[in-house]
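For clarity, chains are labelled A, B, C, D and E in written order, and residue numbers in each chain start from 1.
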Amino acid sequence: MTILGLPILSLIIFFPMVGVLLLLFVDRNSDELAKWIALAVSAATFLISLPLYWAFDANETAFQFVENVSWIPAWGVRYHLGLDGITLFLVLLTTLLSVVAVAGTWRQVEHHAREFMISLLLLEVGMTGVFVSLDVFLFFVFWEVMLFPMYFLIGVWGSERRLYAAIKFVVYTMTASALMLVAILALYFYNYRATGQFSFNIEDWYRLSIGLPAQYWLFAAFALAFAVKVPMWPFHTWLPDAHVEAPTAGSVILAGVLLKMGTYGFLRFAMPLFPQATQAFLPWLIGLSVVGILYGALVCMVQPDMKKLVAYSSVSHLGFVMLGLFALNQEGVQGSVLQMLNHGISTGGLFLVVGMIYERRHTKAIAEFGGLMRVMPIYATLFLIIVLSSIGLPSLNGFVGEYLILIGAFQVSPVAAILAASAVILAAVYLLWMFQRVFFGEVTNKKNEAVADLNWREVAVLAPLILFIVWIGVFPRPFLSKMETSVGHFIQMVHTEPSARAALLEPHRVADEGGSDVSIALKTQ
Amino acid sequence: MDIQLIFFYIFAVMAVGGALSVLLFRSPVYCALALVGTFGFLAAIFILLGNEFVAAIQILVYAGAIMVLFLFVIMLLNLRTVEPFNLKWSLPKVLGVVVSIGILAQMIGVFTSAAARLGPMGAYSPERIAQEGAVQIIGQILFTDYVLPFEVISVLLMVAVIGAVVIAKRRLPPPGEEGR
Amino acid sequence: MTNFLTTADFLTILPETIVFVMGMVVILFDLFGRGRGTRNLAYLSLLTLAVTGYACVSLYGQGLTGFRGTVVADEFAIAFQAIFLIVAAMVVLISIRYLEAQELPFGEYYALLLFATGGAMLMASSRDLLLIFIGLEILSISSYILCGMIQGDLRSNESAMKYFLLGAFATGFLLYGIVMLYGATGSTQLGDIASALTQREVYTNPYIWFGLGFLLVGFGFKTALVPFHMWTPDVYEGAPTAITAFLSTGPKAAGFAALVRILMEALSATHTQWVPVLWVVAALTMTVGNVLALQQDNIKRMLAYSSIAHAGYILVALVVGGKDGLSAIVFYSLAYTFMNIGAFAIVILASEQGHERVTFSDYAGYGYVEPVLGLCMFVFMLSLAGIPLTAGFAGKFQIFKSAIEQGFVWLTVIGVLNSVVSIYYYLRMVVVMYMQRPTATSLQHRATVSVPLYVAIAAALAGVLYLGVFPSDLLHFSLQSVSMLIAGR
Amino acid sequence: MIPVSHVLSLSAILFTIGVTGVIIRRNAIVVFMCIELMLNAVNLAFIGFAYGMHSMVGVMFVFFVLIVAAAEAVVGLSIMLAIFRNKGTLNVDEINLLRW
Amino acid sequence: MSDYLWLIPALPLAGFLLNGLLGRPLGKVFTSLVGPGAIGAAFVLSLLAFLQMLDAPHQTLTQHAYDWIAAGPFHVSVGFTVDRLSGLYILIVTGVGFLIHLYSVGYMGDEEEYAYWRFFSYLNLFVFFMLLLVLGSSLLLLFVGWEGVGLCSYLLIGYYFKRDSAAKAAKKAFVVNRIGDFGYIVATLLIFTTFGTLDIATVTGTAASKLAVGGPLVTGITLLVFLACTGKSAQLPLYVWLPDAMEGPTPVSALIHAATMVTAGLYVVARLSALFVLAPTTMAVIAIVGAATAFFAATMGMAQNDIKRVLAYSTVSQLGYMFMAMGVGAFMVGIFHVMTHAFFKALLFLCSGSVIHAMHHEQDMQKMGGLIKKMPITGWTYIIGSLAISGFPLVFAGFYSKDAILWESFASPIGGTWLWVVGAVTAVLTAFYMFRSVGLTFFGKSRVDPHIEHHVHESPWTMTVPLMVLGGLAIVGGWVGIPHLLGGPVHLPNVLEHYFDGFFATIPAAAAEHYPESTEWLLMAVTTIGALAGMYFAYQLFSRYLAKAAQWRDAVRPVYELLAHKYWIDELYEAVIIKPIRWFSETVLWKIVDVRLIDGLVNGVAASARNLGGALRLTQNGIIENYAVGIAVGAVLIFWWLLF
């Protein structure tokens, strides 16, 4: 299925390459031009991806906009793309945040802006690819290739300890995904034994029923790769380093999209492929998620560096996402998918605003600031809104996701849900404390006297994020309704034995209850 | 007891003695001479094993050509500087000696073991060689079965010659010194 | 007994013949063409290789055998011969500027290169231990000489001597192995050995095990497997860079070709014995190579250690065996040729008149001085590290795929973890090129232009990317090329 | 009649002596002599087998080994010549510019 | 009309947006019009809604706006309900809110530095959320308002953000409230899993059928809800934020921290009365906590010198009263006191604000005195308020509500003598400290700093008018709840009782034994006399005999210190909870687990690989012999493997 007869997904994936090619021909010194090209291309990509939302059929369980071409016949690898209600939003988030990232770091790239933008665009290619690949080999290719633009972003344009952070990021991830590769190969042969043909098609693999001890090992391999990416405690230590060293755009993308790949991996691969193993490991995974939630929150409280604080807060928030995923019920999973978006928007926003002050003062140490409220009121206001959404204030986006997750988790493990809920206290503590120290009080540091408030560009960058923060908070239906069917399908998958999935995997429509049409009519009862 | 065997043992002991002296003599020249001796005794053993022709070649090529080349080079470099006998016994060397003794043990063990058995008998019994003459047989085989190796080995010699020229020949001799 | 040499005999060794004869022609040209530079010789050699390539292609699929079955022109042989030709061609391309930069104006160079190539081709195509031995010697002796080419340079001499002494030492072991096999089976032809091994009393003969052991030692030296690898870094570092590029690809591949042929055609009956040995050796080789490479500051040396590690990967494929495994050997050898020679080509391009740039720090900021070349180097490094969309990944994938298929899970795990370790030092090059400011010693200005080098780099890049993105064709080809080995098993 | 095993044992002894020499001697030329010793041990083994099996293959092999040995000698000695010119010594443990 | 219920919260929201976005460019006049205007309009609408509600079926209006969250079985819609409870509340909120907005126009009139428009936009936003809280027909929507008012109080307490004390107080308020919210969230989770919905009407409707009386589930739910209430309504142990909240501008204290927000807790309890009555344990807890809070706060109030702090503690104490009422099941009475308290406490705060305004932001009562001459309106209204809160009999509002509470605490089946005793004592204390403040502030000889003495004058009409209106309400407000004991003879009906007839759930074991009227008379008399005594005594002491007061204070110095330092509760929390947590997070989790253990492990692996390389390197010493040894060793090993 395509839009206007275009292979829309390929178009979205590879359109940024156009920008890359253009940039290659830009003179290496004309930074401005490079930035504009990158902005234009990423914006165009976003516009191209927008129609997906309307073209997507919210009641169809099967993948949509599918493209399926043979790629490496020798291994049975196919160029197989597709979209469901979950990846729909992840793709849109990716394209949106790419634009934001390009525009957000306009002034921050002091050198080699051209290469910077090339990396960003390549990164976008990789990320979109990861989300829409239905061929596991293809997925793995995007998964690994996407690391390197990020590696450059951190390593070239990062701050002091950038080299350490960059290599740590790559090696950490690579180690985990290397084991995943072994597991993939194993599955590949299970599939061969079962069906007699070599295929990496995930939909075929969904039909594989694998013996028990093997299933545990394979699940562990997959889970490890994704847990590092998420990151789940205790595999999170690359995250603070990477975030602190990365340039703003890097942090935004890293927090906004890359972390989602881990959760997405669980959702698409680890859990549906190994239902029994999932059930077996569930208590542990839930436990780790909760530990991550509390751990991240507690460690946040004592961070002297804004970016590090936000980084650890990601650990906590992603813990929520995982918790919702492992709840394995409609509320939990829908909440966690929504929370992926929320986290992308809010935390991306946080990194942006931190980056904006960093551009002005070249420090991220909380102690350096104080009393900014008077110097830069607009900045303070937007900052506060984003902080509140990250705290999970009702009527802002964070709350909807977290509450759904809690509702879902509570039905599975009340204790976990209650412990997780206690994070709402901590979130308020660490974020508001930071806000207070940065913005309230007299301007103690002379350097802060003359700091300029946000300019129109920066406000424009933040505006869409704020818009979504409020929109999702006040009226999340447009988002929830689109993902409802796919999430339900996912849950059914995890709950049914692979051998019994035949009917499930047949494309079928679900009854149209509260589907795409959203009523805002004010009815009286 | 068979006279051949006795001679074999005599030559064997002498060959080993020569080898050991190669191992132990301090001056390269002595070593070279000891090596020539060893080759000689081996040639003798070849004769005992019924291959006079090979023995002759052994003497000609090895003792005659190769060792002369050695001596020539030794003289050329006038390595009068006798290698001090302290072999600089380092841990690796000790280990090496132990290991090589190990190899020896293993080899002897294998060669004398009962399981060790020769391959199928060939057509060239000593008697046949004696009556047809080794040279003729060898020639025949060499130009039929072994014509390809025979041709290819020439390339090897060619390479060796070129190599000697390329490496040893002096281009642009340093001033104040005539090339030897 | 009468004997007619038929045309089939000559056709079988046509490629080798062409290479050898043209090698001598090159020398004659050099003799009469002194002073006119060596470029013409280079182009002559390229022409030779091209013609030979054509010969190989036309022989492909005919399955000729000649000289009483001592040589064959089967798919396996031709596949490897093609690899050797590609190696030689690229080495010639990168040598042209190198020789000029290092003031080595003599044509024997190309002749020796051709001879070495011929030797390697002979190793791949012969089914007689004697011929394999002779081919090996031609290859080795030419290599010794090529290593020692730079007369005035002690390092060059030293690497030549080390290579020579240790090579001869290993040759001794190899020969003893041959003796043993001969003693146990009465023949040196692979076919005969195999048929002899079908009898039980031969199979239990300790001579066989001895022979096998000695052979493994000898070839282990040639292919630089742990613990027979120690010469590699020293020799590679001291040798002229272009020759290092050759050594790390050509002889290694040749060694594997011969080893595979011997193990598959002659000793496949004993695989239950050598598989576990090689399992351990492979694990050691990968690990030691990678771990040692972590420590290097000299790029040539780093690549030397990494070549040890790559030999380990190839050995995994040999251990795994089977159609997939053996085809992986062919595939990986070619892939490795492209990426490794590509890297060396850039090192050569970066070096200047009389001064080579072989330490990492020389490349600080290189990626910005030479964006395109830096990018190529980046791609080669990724490929060596085995990142998807590069030949390196495709090769590793084929290897590990076959390994998993045959159930060598732990070997696979060791392998993938090793490739993660390797990422660390390959990325170090990237770090230096892109993430460090140019230093006083590092390359500040653009290097001199050399069309042949550009051609070589472009070819390498094309190869790496093509094999990385569309490996299918070569996979099919390599599967064909090894099919008869399996059939013979 | 000479038992082959004795011949082989002799060749084994020579071979081992050669190996030992390579390991402990320091003068490159002497080291090379020891290698020649190893090759001779191989030749002896070939002859021994040929003698025991009434086969000519071994004998043929000996010729080629001889030639190879000669070729190696030529190249090897010229390499040593070059080294001696540049460095003035042939003590292998002093020739270690390239290490680690 | 019910189609337009959404307008009631929407108007303040619009006001917020207008002020927030256009306030700065368009200036003060605009803001002064929009801010109070929006609330005034909302008040009118609320009045209409209220009247329509009175003759609507079941006296309830509901409006379903739109579906908010829907995921699987979980479904929450945005809808508004006006019934007798919320109807009363919106009147208080918008009415009092309007007066306070009006007052603020004058009070904040000279505000430059912190931006006038910010103040009003925040204030409007607060009213919006408060209305959402009250009108929300779903527990989750209620929670939105609940958190929203918390946010606004955060913003408004921190309004003078330059003051560190203000910033800290703001954060403290929000965080402490969050602790309560945690309880609320968990409670909603439990409720959803039990009832399958969060719609208040359904929950309260089916509570009796779905929950066993006194069962663990209902007890848990109600206790958690009550935890939330202790946060929002400043009860033990979470009351600590309210006194600090006085850092905010005085109108804020009046609106948020006296009249409306802090009574949200009571609103929730009243809303869910159907659940609470099923949980006697919770009820007992509430009653005890309420009583204890009332008493403690009152004692602390006696030792404060900051006029606003006195009022703050009295607020806490009064809230304690209300919970006491709730605890004994007298929901109606509690709400009654909420209403009267809204009037007189707002009045008191506004008066104090007027004083502070006149005194150039001087809040220490010891630097005041004799102000009654300079600012009569303020003075007298303040006295009215004080009389009301101290429960001056028969006239003032406080008397009726408080007396009702005390009576219920004695007479209700859950209540008892001890409860009554505590309440009564508290009443006396209240009278004492209120009139202490009256005496110190308005009577006796002036202790005002001479520099500002001659500036002191009565406030502008925008401030005094609200004072007078509220003063009036503080008197008549109570007349809607005249007890039968007094009203019976003269045929004055207890309007409120009739109004709330059958609205609140009643305790199942409602067979309250009937006391003779004489007891009721007696109790009333005792408390009233005690209160009057307290008033007179305090007034005399602190307007005339300050020196003696000081003597006596020194006589009981330790006690005084204890009270003045609020029992060192804050310090206690700091030492017992906050410090340990921070230490644990910083030292254990971050410095040890993260950096040492996990990262140590990660880097350790990398380092060990490098070290291994360094070690193996030593074998590569460049000497041929060693390499030969390597080969030989390898050979031996392989032979060994193959042969044996």
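What we mean here is this: contacts are C-beta pairs under 8 Å (C-beta built on N, C-alpha and C of every residue); 3 or more make two chains touch, one makes a residue touch a chain.
Treat the numbers as computed from the prediction; the structure is a model and nothing was measured.
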Both-way neighbours, i.e. chains that touch chain C and touch chain B: D, E
B-E or C-D, whichever has more C-beta pairs in contact: C-D
Of all other chains, the one whose Cα centre sits farthest from chain B: E
By mean Cα position, the chain sitting nearest the middle: A
Farthest-lying chain, centroid of Cα atoms versus that of chain D: E
For chain A paired with chain C, centre-to-centre distance based on mean C-alpha positions, whole Å: 44
Centre-of-Cα separation between chain E and chain A, whole angstrom: 38
Centre distance in Å when chain D and chain E are each reduced to the mean of their C-alpha atoms: 98
Distance between chain centroids, defined by C-alpha means - chain C, chain E (Å): 80
Of all residues in chain A, the ones touching two or more other chains: 171
Set of chain C residues in contact with two or more other chains: 130, 134, 137, 141, 144-145, 148, 151, 160-162, 165, 169, 182-183, 186-187, 206, 210, 233-234, 295, 424
Residue list for chain B, restricted to those that touch at least two other chains: 92-93, 96, 100, 103, 107, 110, 116, 118-122, 145-146, 149, 153, 156, 159-160, 163, 167
Those chain pairs that satisfy the touch definition: A-C, A-E, B-C, B-D, B-E, C-D, C-E, D-E
Residue ranges of chain C touching chain D (in the complex, touch as defined): 130, 133-134, 137, 141, 144-145, 148, 151-152, 154-155, 157-162, 164-165, 168-169, 171-172, 175-176, 178-179, 182-183, 186-188, 233-235, 237-238, 295
Chain A - residues contacting chain E, complex: 168, 171-172, 234, 236-238, 295, 298-299, 301-303, 329-331, 334-335, 371, 373-374, 377, 388, 393-395, 399-400, 403-404, 406-407, 410-411, 414, 417-418, 421-422, 424-425, 428-429, 432-433, 436, 439-442, 474-477, 480-481, 484, 488, 514, 519-525
Partner chain A, residues of chain C touching it in the complex: 368, 371, 382, 387-389, 397, 400-401, 404-405, 409, 412-413, 416-417, 419-420, 423-424, 427, 431, 434-435, 470-472, 475-476, 479
Residues on chain C engaged by chain B in the complex (per definition of touch): 1, 3, 5, 13, 16, 20, 23-24, 27, 66-68, 70-71, 106, 108, 111-112, 115, 118-119, 122, 128, 130-131, 134-135, 137-138, 141-142, 144-145, 148-149, 151, 160, 182-187, 196, 201-202, 204-207, 210
Touching residues on chain D, where the partner in the complex is chain B: 1-2, 4-10, 12-21, 23-27, 29-30, 32-34, 36-37, 40, 43-44, 47-57, 59-60, 62-64, 66-75, 77-82, 84, 90-91, 93
